[in-house]
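Okay, so here's the structure we're looking at.
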Amino acid sequence: MLEKLKEEVYRANMDLPRYGLVTFTWGNVSGIDREKGLFVIKPSGVEYDKLRPEDMVVVDLDGNKVEGEYNPSSDTPTHVVLYNEFPNIGGIVHTHSEWATSWAQAGRSIPCYGTTHADYIYGEVPCVRNLTKEEIDEAYEKNTGVLIAEHFKQLDYEAVPAVLCKNHGPFTWGKDAHEAVHNAVVLEEVAKMACRCELINPHVKPAPQELQDKHYYRKHGNNAYYGQIKR
Amino acid sequence: MLEKLKEEVYRANMDLPRYGLVTFTWGNVSGIDREKGLFVIKPSGVEYDKLRPEDMVVVDLDGNKVEGEYNPSSDTPTHVVLYNEFPNIGGIVHTHSEWATSWAQAGRSIPCYGTTHADYIYGEVPCVRNLTKEEIDEAYEKNTGVLIAEHFKQLDYEAVPAVLCKNHGPFTWGKDAHEAVHNAVVLEEVAKMACRCELINPHVKPAPQELQDKHYYRKHGNNAYYGQIKR
Amino acid sequence: MLEKLKEEVYRANMDLPRYGLVTFTWGNVSGIDREKGLFVIKPSGVEYDKLRPEDMVVVDLDGNKVEGEYNPSSDTPTHVVLYNEFPNIGGIVHTHSEWATSWAQAGRSIPCYGTTHADYIYGEVPCVRNLTKEEIDEAYEKNTGVLIAEHFKQLDYEAVPAVLCKNHGPFTWGKDAHEAVHNAVVLEEVAKMACRCELINPHVKPAPQELQDKHYYRKHGNNAYYGQIKR
Amino acid sequence: MLEKLKEEVYRANMDLPRYGLVTFTWGNVSGIDREKGLFVIKPSGVEYDKLRPEDMVVVDLDGNKVEGEYNPSSDTPTHVVLYNEFPNIGGIVHTHSEWATSWAQAGRSIPCYGTTHADYIYGEVPCVRNLTKEEIDEAYEKNTGVLIAEHFKQLDYEAVPAVLCKNHGPFTWGKDAHEAVHNAVVLEEVAKMACRCELINPHVKPAPQELQDKHYYRKHGNNAYYGQIKR
């Protein structure tokens, strides 16, 4: 079942080591079939060089495993919440990629210092607070999703397709698994350059709003003119 | 038309990922035929592993597309201005290479801290100011070129073949597309070492002028003696 | 003798350059057969690309060479002490991996700043003091092991499978040679991200204890639920 | 003539890009035949992927080209002085390797922060002063060698096989071209870790003298016991 989606999610998962975003099994990608209300996700703790398309696990939007030999990723309850709360996304990525995770560990949102960031993410990449002991004990992975969704009530999740979980790491999303991985790569580059630019100039300020707007809207929305696609 | 130039510009574009200067489609190279007054540039938003020589777009010095299936790079108007204002250059490169972009985001010119820099670039790599909202709204990419050209009225663009655009990234140029890429690689190395050398010694000063002169002029001008070329 | 263990230890040694943990011969892995009371270790100063399984050296728990054409690693006496003092470990790794060694040179223990760390190591990675001149002169490598064992009287060596020796470098261990290498990779990632996260936020605090506990215990102990293994 | 030495020096030159120590043509290796009083060096400005053993240039100890189609490296006069002043060395390397050059640009000697450094280099890696304008104008490359030799009157050049030239870059040497490259790799690792360890602990002190002695002398001199070589 969902063979095409499994293949797609498998390939998106394999892109994580290819782009240098994961060590060992420290990451997972999922992709959803919105019509069927089912998503496909990497099995927990299986090494990338042993992974096969047929190992992908099918899960429903209540978090029940529907098909699959393996247990789904231990982060599955986070994916469930995000798919329910963000109706327009089709794929989700979680990694411990080194630069984004360093910002998450530092507990800081990533300011928008330049057009590389503004081309993909409108405004800063938020870092959400730690879960409380109660929230952890009750349902750690689910409440990670709840916290993210809560935070994005003030934000447009389509314009800001990334978040940092304090002392943990990043989640990114997109219209499908492939775009979610693309955004994970963007986030890593942006996180790296933001750190270095603060080293070069400790008093650096975010890029002017008009420059952020220009770059974001030359790639997104009705007046976009970057690339080849007719809109 | 311009088949040889297309091949050359294609190859220069492919050198960007080879040297680690671009992620995804974040860069473009152009090269000009001065006699015909036409230049060749990468199409906008096309991925490097799908790029072919015949995909290159031909543009005239008024910025009109003369030939090509695709839209030219969205940065084409910047290239147009630079070719018009810098009559001795034959190639231009724009990237978001990570170290040069970090300096651009930091809004700082790169001081000449050593001979690696002085071998290729005479004096600091300037960082030009942000465009105003009016300049952005009027014609963002064109005015980026106008701003650079304005800044270089005080500088020798042949001796300083690189610039940083604040909160954006670098442009480099050279006598042809190949040399422009070469200078983009030099800039990246120089930007990396300048950041690290400030970490190692926060009170570091630029290299003495006589050392900068020695290295620049042993490679450039009538008394150059580096390499094999008779001058 | 011990052919299977030699093959296993050989392969674990070859993983060190593969994971970028060693330059030249700067590292060694050993693995033990607890029933026989013998361990197998890399020969001293032999380059990785010339290493063969049959070059591994067999040593007993008094540090005597039992079999092998070559001298065992000069760090063998450290391994001897650790195998005697830590009865549940099956493999040991020593490297000069760049980030862990930078922390060792800095003389600082690595705080637990996030879940990547907490997933594998419970609490900070300790940095033990320098040996005194007397300890060095008496038996440098042996006393390195004695110092580590002494320090771990206050710690659970199974929950903290890594240590830094001041001005020297890291040792890691695990249930076998393979897991010891795995922990060496984890340590390097953790060391890298801890340095960067302090650059991003000089006032960063360790991850909350409840988050550290959650991650450590979702992978270890009776209530673990990460991965596929039934416990 | 000197075919074997040319092959050896060619291979040592090719090791520079292999170890990531050079970009483009920014480095050169030479090796000497002490009996004949002739050394072999890379030609100036020739790219590594076009280099062949027969392109190596033969130079005598007065700096005269004895054989070769190409001009020798522009740094040849520095090599001449070092071979004359350091009678026990057999090979010399110059690079602009990124970390060593960052220290050179910072104008700081590299303190011995750990055993990786002490295993190969006894005490700090000195950074020599800038040449004066007069010294540059008179004979830049020769006077670079004179300055290094002058500095080493207070040091044992066999125990400290590396130097940094302020605002320029490193030179290393060894008993032959191969060992000189080996020391260039060591220097780069040591320079990288020294910078990072100062970031981790800005108040870091050099390794205790007794630890430096222990590591240096377990690899060098009559009581060495590292590796397999009988002394």
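Going by the order they are written in, the chains are A, B, C and D; count residues from 1 in each one.
Simple rule for what comes next: a residue touches a chain if its C-beta (ideal position, glycine included) is under 8 Å from a C-beta of that chain, and two chains touch if they have at least 3 such contacts.
Predicted model only: the values in this text are computed from it and were never measured.
**Q** Give the chains in contact with both chain A and chain C, ordered by label.
**A** A chain counts here if it touches both chain A and chain C, and no chain qualifies.
**Q** When chain A meets its copy chain B, do both sides use mostly the same residue numbers (more than half shared) or mostly different ones?
**A** At the contact between chain A and chain B, which are copies of one sequence, the residues are largely different (under half shared).
**Q** What's the farthest chain from chain B if centres are computed as the mean of the Cα atoms?
**A** If we average the C-alpha coordinates per chain, C ends up farthest from chain B.
**Q** Calculate how many whole Å lie between the centre of chain A and the centre of chain B, each centre taken as the average of the chain's C-alpha atoms.
**A** Measuring from centre to centre gives 33 Å for this pair.
**Q** What's the distance between the Cα centroids of chain B and chain C, rounded to whole Å?
**A** From the centre of chain B to the centre of chain C is 46 Å.
**Q** Can you pull out the residues of chain D that are in contact with at least two other chains?
**A** Chain D, residues with two or more chain partners: 198-199.
**Q** All pairs of touching chains, please: list them by chain label.
**A** A-B, A-C, B-D, C-D
**Q** Which bits of chain C are touching chain D when the two form their complex?
**A** My answer: residues 23-26, 43-46, 70-71, 74, 96, 98-99, 101-108, 130-131, 133, 136-137, 140, 167-169, 195, 198-199.
**Q** Could you pull out which chain D residues touch chain C in their complex?
**A** 113-116, 182, 185-186, 189, 192-194, 196-201, 204, 207-208, 210-211, 214, 218, 225-229
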